[in-house]
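See structure below.
Chain nomenclature is as follows: A, B, C, D and E, assigned in order of appearance, with residue numbering initiated at 1 for each chain independently.
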Amino acid sequence: MSRKITIPVILLAALALPFMTANTYFHHLMVLWMLFSLLALSLNVIIGYIGELSFGHAAFFGIGAYTAAILGMHFGLAGIPGILLAAIVAGLFGFVIGYVSLRIVGPQFAILTLGFGSIIYTITNYWVDLTRGPMGISNIQPLGLWGGDGIALTSAIGYYYVILGCVVAFAYACHALMSSRTGRAFIATRENAPLAASLGIDVFRMKLLGFVVATAVAGVGGALYAHYLTVVTPDVMSMQYVAALIIMVIVGGRGTISGPIIGALIYVALLEALRALGPLRLVIFAALLTASVIFLPGGIVSLWRRITGADTPHQEGAQ
Amino acid sequence: MLEVSDIVVRYGRREVIHGLSLKVAEGDVVTLVGSNGAGKTTTLKTISGMLKPVSGSISFDGERIDKMDPHEIIAHGVVQIPEGRLLFPDMTVGEHLELGAVRARSGGRSYGERIDWIHEMFPILLERKEQKAGTLSGGQQQMLAIARGLMANPRCLMLDEPSLGLAPIMVDQLEDTIKSLNEAGMTILLVEQRVDLALRLASRGYVLETGSIALEEDAKVLLADPRVKTAYLGI
Amino acid sequence: MDYVVFAQQLTNGLVNGMTYVLIATGLTLVFGVLHIINFAHGEFYMLGAFFTYFAAKLLGLDYISAAVVATLGVAVLGIFANRLFFWPLRKEHEFTVLLSSLGLALLLTNGGELIFGADPKYVPSPFADSVFEVGQLIVTQQRVLIFVVGALVLFGLNLFIRHSRMGKMMRATAQNPEGAALSGVNIRQVYTVTFVLACGLAALAGALVGPTAMIFPTVGSWAVLKGFIVVILGGLGSIPGALIGGLTLGVVESLAGGYISLGFAQAIGYAIIIVVLLWRPQGLFGTARRT
Amino acid sequence: QDKEPVRIGTIAPLSGPGAFDGQLAVEGMEAMVEIVNENGGILDGRMIELVKYDDKGNPEEGVSAAKRAIEQDDVDAIVGGWFSSVALTMKEVTRDRIINVMTSTQHPNTTKEGHKYLFRLNATSVMMSETYAKFICDKMDIETIAFITINDDYGRLEVENYERLLDECGIEVLGNEFYNKDDTDFTTALTKLKALDSDAIYVSAINTAQGATIYRQIKQSGYKGTTIASAGNMNPKLVELSGPALEGVYSVSLFAPDSDSEKLKAWMEQYGEMFSNEPSFIGSLGAQAVELLAGAMDEAGSARDYDKIAEALRGHEWETILGTINFDEIGQAMQNIYLVQVKDGEITSVNE
Amino acid sequence: MSKETILEVSGLTKAFGGLTAVKAVDLTVQRGEILGVIGPNGAGKTTFFNVIAGSLPPTSGSVRFKGNDCTGMRADRMARLGMTRTFQITSLFPALSAIDNVRAATYRHKKTGWAAAILRNRAWQDEEADVDAEAMRALEFVDLGKRAHVNAEALSYGEQRRLEIAIAIAAKPELLLLDEPAAGMNPEEGQRLVSMIKRIRDEGISILLVEHHMRVVMGVCDRVAVIDHGEKIAEGKPLDVVNDPNVVRVYLGREAVHA
C-alpha cells in the first residue's frame, strides 16, 4: 500500500466517521479524540523531535484555554481571533520558559518545566480576579467565526470537523518539517547535540523553535477545549493531563505522526470501553498500558513495522 | 584452552557471524585479522558473554561458557578489554582498578601484588590515582582499560584494538606489555588493526572475512602471505 | 515572640525537609545508578505506610516492628517490580522506561484503592501525639524520629555507596553498564540491589511519615513529585545532594509559607529551584555532564 | 416484576483523591434504592436501578460522564455534583435536558445559574454560615478567631461569609491561612495561627483526610484554644481518624445521626446491613436524592416527564430522612440545619 | 596555490583548574594545506581542537579564521563560518541510518526551511534532490555506499570512523579538523584514507589533522607540528620533524626506524 492511497483513504474515513452513528455521545468521544490528538501531536514535537521531556505541557494547554475563556468573557472574542490569540499567548509563554530552560537538558529540563507548570497552576488558582480561581470559568461562549456575530458552533460534530481540520493541518506541518532541512536539524539536535553544533546547527534555536511551536499548538488545543466544554478550571493544568499526554505520545509511538493520533484514540476508546468495569477500570487500564510498553517498547506504530517486516537492527542478546 | 566451535551470532535478525570456529591453546598468542565489519569485535563479545550465540558452543578449559553471563565468564579467567575502553568517567583511576577485581579469578597474584605490578607497568596510573577517568587523555584511558582488565587476574586475555589512539611510543610499550604478559603465562587473543604488529606478536592468526574464517595459519606465514599483504598491510 | 515563631518555622521546615530527603534518596539511587525516572517510587512510599498500618492492625505488631516489617516487605516487592517492569526494558529508550514506571504507578495506586479501600487511614504511632518541648519550641516525637532516622539512614547509605564494593559496582553501572559488565559486575544483581534499596527506603519513609498525616492510596503521587524536585535540586544520584536539597526545600517552603504566603509556598519553592538550576544545571551537588 | 426499571445515573468521584467521598455517597444511595425497591419500587412496580459513573473529581470527566449517561445510556435522571467544580461544569450538559439532583456542592452559582430541571439538596455555604455564625456568636465564649481554609471556591466563600458575619457580632478575625488541596502538612500554617493567639481556630476542610490531619496537628502544635469544625463536614470517619483531637469540637450539619426520625433510622439500619462504613452526611444526601426522585416520579406518574417531576419537587414540602425539605424557584433546597458536637467519639446533636 | 592564511592561532592557552592542557600555542594553516599535529597521549591535541572549534572557551590567546577574530565563538557559528571537525571519540547520530547522518550534515549550505517544505515549492524540491545526491556521493567517497541504509550504531567501528569523515565533508567546510581519523583502521585502510584525505584537499579544503598513525601523517601532511605537555616543541616538514631527536624521544620511540 502506498502513501498515495492510504492517506486519502484515511482522510475520507475521518470525514465520514461522524455519520457512522447518530449517537451524539460517540460524537463527543470523537471530539475528545481529536482534541487529544492535537495535544499529543504538539507534545510529540517536544518528546519525539527535540527529544526532551516536558512536564509542563498541560500548563500551556491551560493558558490557551484560559486565554480563550477570558477573551470570550470580557471581549466577546470567541472566534478565530480568540484562537489565534490563545496560540500567541501560549507561544509567548513557551518562548519565555523555553528561552530560560532549554539551556538545560535531560531530567533537569523536565523538572524545570514541572516547576514552571506548577507556578502557572498556582497563579491560576490564586489570581481570582482574572481567572476566578479554583472554581474556574464556566459558560464560555461556543466557538464562532469572529465571535459575537451569531454564528456559533454548538454540535459535537461541528467541533469534530474544526479540530479534525487543525489536526490534519498540524500533522501535515509536522510531516513537512520532517522532510525539510529544519526537521533534519531537529533530529540531529536530538540525537547528538555537540555533533549537530559542529555541523553549524544552532542547537538552542532549534529547540526553542520546536518548543514554541509545540506550546502554541497546545494553546490552540486549549482554546478549542474551552469553547467546546464551555468550562475551564485549573485542573486542566494538573499532572493528570500531563501524564495522559505522555502516555498517548509514547504508547502510540514518539517521533511519528500517526503514533500520537493512535495513542489518543487508544486512550479515549480504552477508558470508555473499560467504563463498565467500574472500580477495576483504571487497574485494567494501567495493566494494559504497562503490558503495551513492555511488549511494544517502540509504541503501537512499531507493530506496523514489525508486521511489514521493515526491520530496525537493534542490539539483542547481551545479558 | 579456549575453543569456539561453529558459532552463529545475530544482531536482531541480521546474522553477522556464520559458523565460526577457532581454538586458542594455553600460553599462545592468537590474533584475529579482518577488515572493518568482518565481525572481530562481535566474536570477542560473544566469547565474553556480552552476546549470546544462536547456535554453536564455546568452551574454556573443557567447560561450556556460552550460556554464562559475563561476570561468570570473567570469574573463570576469560577477560575482554573492550574496543573503545568503556571506562567510568566520574570514577577515579584507583576505583577502576578496584572494580576490575570484583570477579577476579582466585589463584595467581594476590590483589596487592597485581596493583603493584600494574603500577610498575603503567606508572602514570599511580600518579593519576585520584583523577577521574573522564578527564584522562585518550592514551591514558587505554592504559587504564588494560589495567582494569588485568585486575581480574585473567588466564585468557582478549584485547580488542588495544593500540587504538596510542602514540607510537605507547604502542611500543603496549607491544612489550603484551609480550611480557604472555611470557608470564597468560593466553592472549588479540584483535588489532595494526596487523603487522599483531602478526609480529602472535604465534597463530585467523583471517576473518564477513563473519567466517577465511584463513588459519602460522603468524609468520600470514605475515608473508601476499593476500594478507595487499588486503591488510597495504603493501 | 517573633523569634520563637521563626525558630519554630525553621524546625518545621527542617523536619518536613527530612521527609523529602527520605523520599528522595531512593529515587536518586535509581535515577543515579540505572538512569531510570521511577514514577512508581511514590507508590512504594504509599505501600510502606499501608503495610505499616496493616502490620499493626492485622498482625497486632507495635509501631516499630510494623515499620520494620513494612520496610522489608516493600523491599522484597522491589525485586518483583524490577524483574517485571524495569529489567526487561533496560535497553530501551529512557522515555519508554519512564512510561513503564508510570504504568506501574497507576497500577499500584488503583490496585491499592481496590485492595486497601479508598477511605483514608491513620497509622497509629505512640510518638505521634507526644511532644518534645524545648523552651517554647514544640516538636512531636514522631518528627524527631523522622529527623534522626533520616540522618542515620543517609549517613549509612552514603558510606555504602562511596566505599562498599556493591556501592562502587552501582556507580560503575551508572556510568557505563557495558564497561561494568566487562569488568565483572553482575548487572542484574546491581539492578536488583538498587531496587531493593530504593523500595525499602521509600517504604521506610512511608512508615515514618505515615503517622504525621492520614494515608490514602493516592499519597504517592505527591511524594514522587517532591522527591524528583529534591533529586534534581541536590544533583542527580548524589546522596549528600538529596540531603541538602531536601532540607533546603523544606526550609524554603516553610519560611515562604510562614512569611510570604502559604498558598504560594510551593510555587516559591519551585521558583527557587528554577533559579538554582539555571545557575547550576547539574544541581547543588551534581557533577556536570560531559558531552 | 418484569417492568423496565427506572434508571438513575449517579456521577461521583469513584477514583482519585475524592474516591472515598464518592464511595460513601454511592453507598448511601444504594441503601435507599434497596429500601424503595423492597417497598415495591415506584410507578406501580418499577424497580430503581443505579447506573454509576466515575468523574474522578474532574470537571472534564464529569462532562463526559453526564454526556454518556444522557446520550448513550439514556438514564431517566441524574444525581451528581459532589464537588463544586464538577457540578458547575456538569450542569451545562444537563441544562434543560434531564432532571439533575445536585447533592453536596455548596457553591451558590450551582443554583444561581442553574436550570429548570436542576435541584440542589445541600444548603449553600451562605445559608450554613448564617446559622453557624449565630451559634458561634451566641453560645461560644470567644472574642477572637482565626481561620485555616482550603483554597477553593468553597473555602473562599466561607472566609468571606464568616469575616462579615462574625465581625457583625463583635468577634475579631485575626487572620486566615489558605492551604492547597494536596497539602499534607499544616505545621507551617498552624505555627502562624498559633502565634496570633486567637481564642478559636476555625477549620474549613471538606476532605476527610486533610481535615483529620489538621485537627491532629492543631493538637500537636500545643494550641490550647477552641477548635471549630467547618459546616457540613462532620462524619464518623473524621471522628475516627482524628481521635482525641476532635473531642468536644462543634459543627453544623444537615445530618444528625442521633435524630429520632423513623425514616432515618430505617435507612441507617439498611446501610449498616449492606456496608461496613458508617452512614455519613454525604451518604444521607445521596439517599435523600433517591428518595425525592422516587417520590416526585410517582407523583408525576412518569419517569420522563421532567416538567411534571420538577413541578412536583417544587410543589410542596417533602418529608425525608433528613426531615422536611422544600425547594425554592431556582431549585435550592431549604432544610433543617442541626448543630452537632463530638462527644465520646460520637457525633451528637446539640439540643438547645 | 596562493599563500593565504586560513587559520591563525596565537598564544592559545587552555587550563583545566591546575592543569594547563594547552600552553601558548601559535599555529597557522594556509589555504589548501594539510597540517599534521602529533604528540604523545595527553599532550593536549584534542583540547587544542576543542578550543579552536569553539567546543571549549580558551583561557587566553586568540583564534582567527578567514581573517575574522573567532576567539571563543560558539561551535555552531564556527561551523557556519566553514570550519568542521570530527571527534576523537566516535560521534555520530547513532539511531539514524548512515545516509540520514550525512543528510543532516548538509544543513550548513542549504537554504530552504520548513515553510518551503510545507509549500513543497520548486526550490525545496530541487534542494532535497541535491541533498540526497550529495549525501550519497559523500558516502560513496568513503566506501559506505552499500551501507547507506544501515543505522549508524550498527556499523562496525571502522565503518563508523569513515562515516564521520563522510559527515564532515558533506558539510563542505573550508577547513576540516580531523581528530585521529585512522584510529581503528588497518594499514591498508590507512593507505586508502591517505588518498581520501588528498582528494578532499584537492577539492580545496584545508585540513588540520591529529593522528598517531605515522604512515598516514607522513603520507599526507605538508607540514607537521609537534605538541608535548601542551607546548609546541617542533614544527616543519614531515621528514625534518621525525628526525628531530626530541620528537623521537617523547613520541616516536622505535617507530622512528620505520617512519
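One rule holds in what follows: a contact is a pair of C-beta atoms (placed from the backbone, for glycine too) under 8 Å apart; a residue touches a chain by one contact, two chains touch by 3 or more.
Which protein is which chain? UniProt says A, C = Branched-chain amino acid ABC transporter permease; B, E = ABC transporter ATP-binding protein.
Computed from a predicted model, the values in this text were never measured in an experiment.
Q: Please identify each chain that touches chain D as well as chain E.
A: Chains touching both chain D and chain E: A.
Q: Can you give me the shortest step count from chain B to chain C, moving only between touching chains?
A: 1
Q: Any chains in contact with both chain A and chain D?
A: C
Q: Select the chain at the greatest separation from chain E, using centres from the mean of Cα atoms.
A: D
Q: Quick one: which chain's Cα centre is the longest way from chain A's?
A: Result for max centroid distance from chain A is chain B.
Q: Please report how many Å separate the Cα centroid of chain A from that of chain E, as a whole number.
A: Going by mean C-alpha positions, chain A sits 42 Å from chain E.
Q: Per the centroid of Cα atoms for each chain, what is the distance between chain C and chain E, given in Å?
A: 47
Q: Calculate how many whole Å lie between the centre of chain A and the centre of chain B, each centre taken as the average of the chain's C-alpha atoms.
A: Inter-chain centre distance comes to 50 Å.
Q: Can you give the whole-Å distance between the Cα centres of chain B and chain D?
A: 75
Q: Can you tell me which residues of chain A touch two or more of the remaining chains?
A: 125-126, 194, 279, 282, 312-313, 315, 318-319
Q: Of all residues in chain D, which are in touch with two or more distinct other chains?
A: Touching at least two other chains: 15, 151, 180.
Q: Can you pull out the residues of chain B that are in contact with at least two other chains?
A: Residues 11, 14, 50, 69-70.
Q: Of all residues in chain A, which touch chain D in the complex?
A: 23-26, 28-29, 32, 125-126, 128, 133-136, 138-139, 229-231, 233, 235-236, 240, 272, 275, 278-279, 281-282
Q: For a test of understanding, state which residues of chain E touch chain B in their complex under the given definition.
A: Those in contact with chain B are residues 16, 38-43, 46, 88-90, 154-159, 162, 180, 183-192, 212, 214, 250-255.
Q: How about chain C: which of its residues touch chain A in the complex?
A: Against chain A, the touching part of chain C is residues 31, 37, 84-85, 88-89, 91-93, 95-96, 98-100, 102-104, 106-107, 109-111, 113-114, 178, 181, 187-188, 221, 225, 228-229, 232, 236, 263-264, 266-267, 270-271, 273-274, 277-278, 281-283, 289, 291.
Q: So in the complex, which bits of chain D are touching chain A?
A: Listed in rising order, the residues of chain D that touch chain A are 14-15, 52-54, 56, 58-60, 63-64, 67-68, 70-72, 84-85, 88-89, 92, 107, 109, 113, 151-153, 156, 180.
Q: Which part of chain D faces chain C closely enough to touch in the complex?
A: Residues of chain D touching chain C: 15-17, 19-20, 22-23, 151, 177-180, 182, 184-185, 187-189, 191-192, 195, 208-210, 212-213, 216-217, 219-222, 237, 240-241, 243-244, 277.
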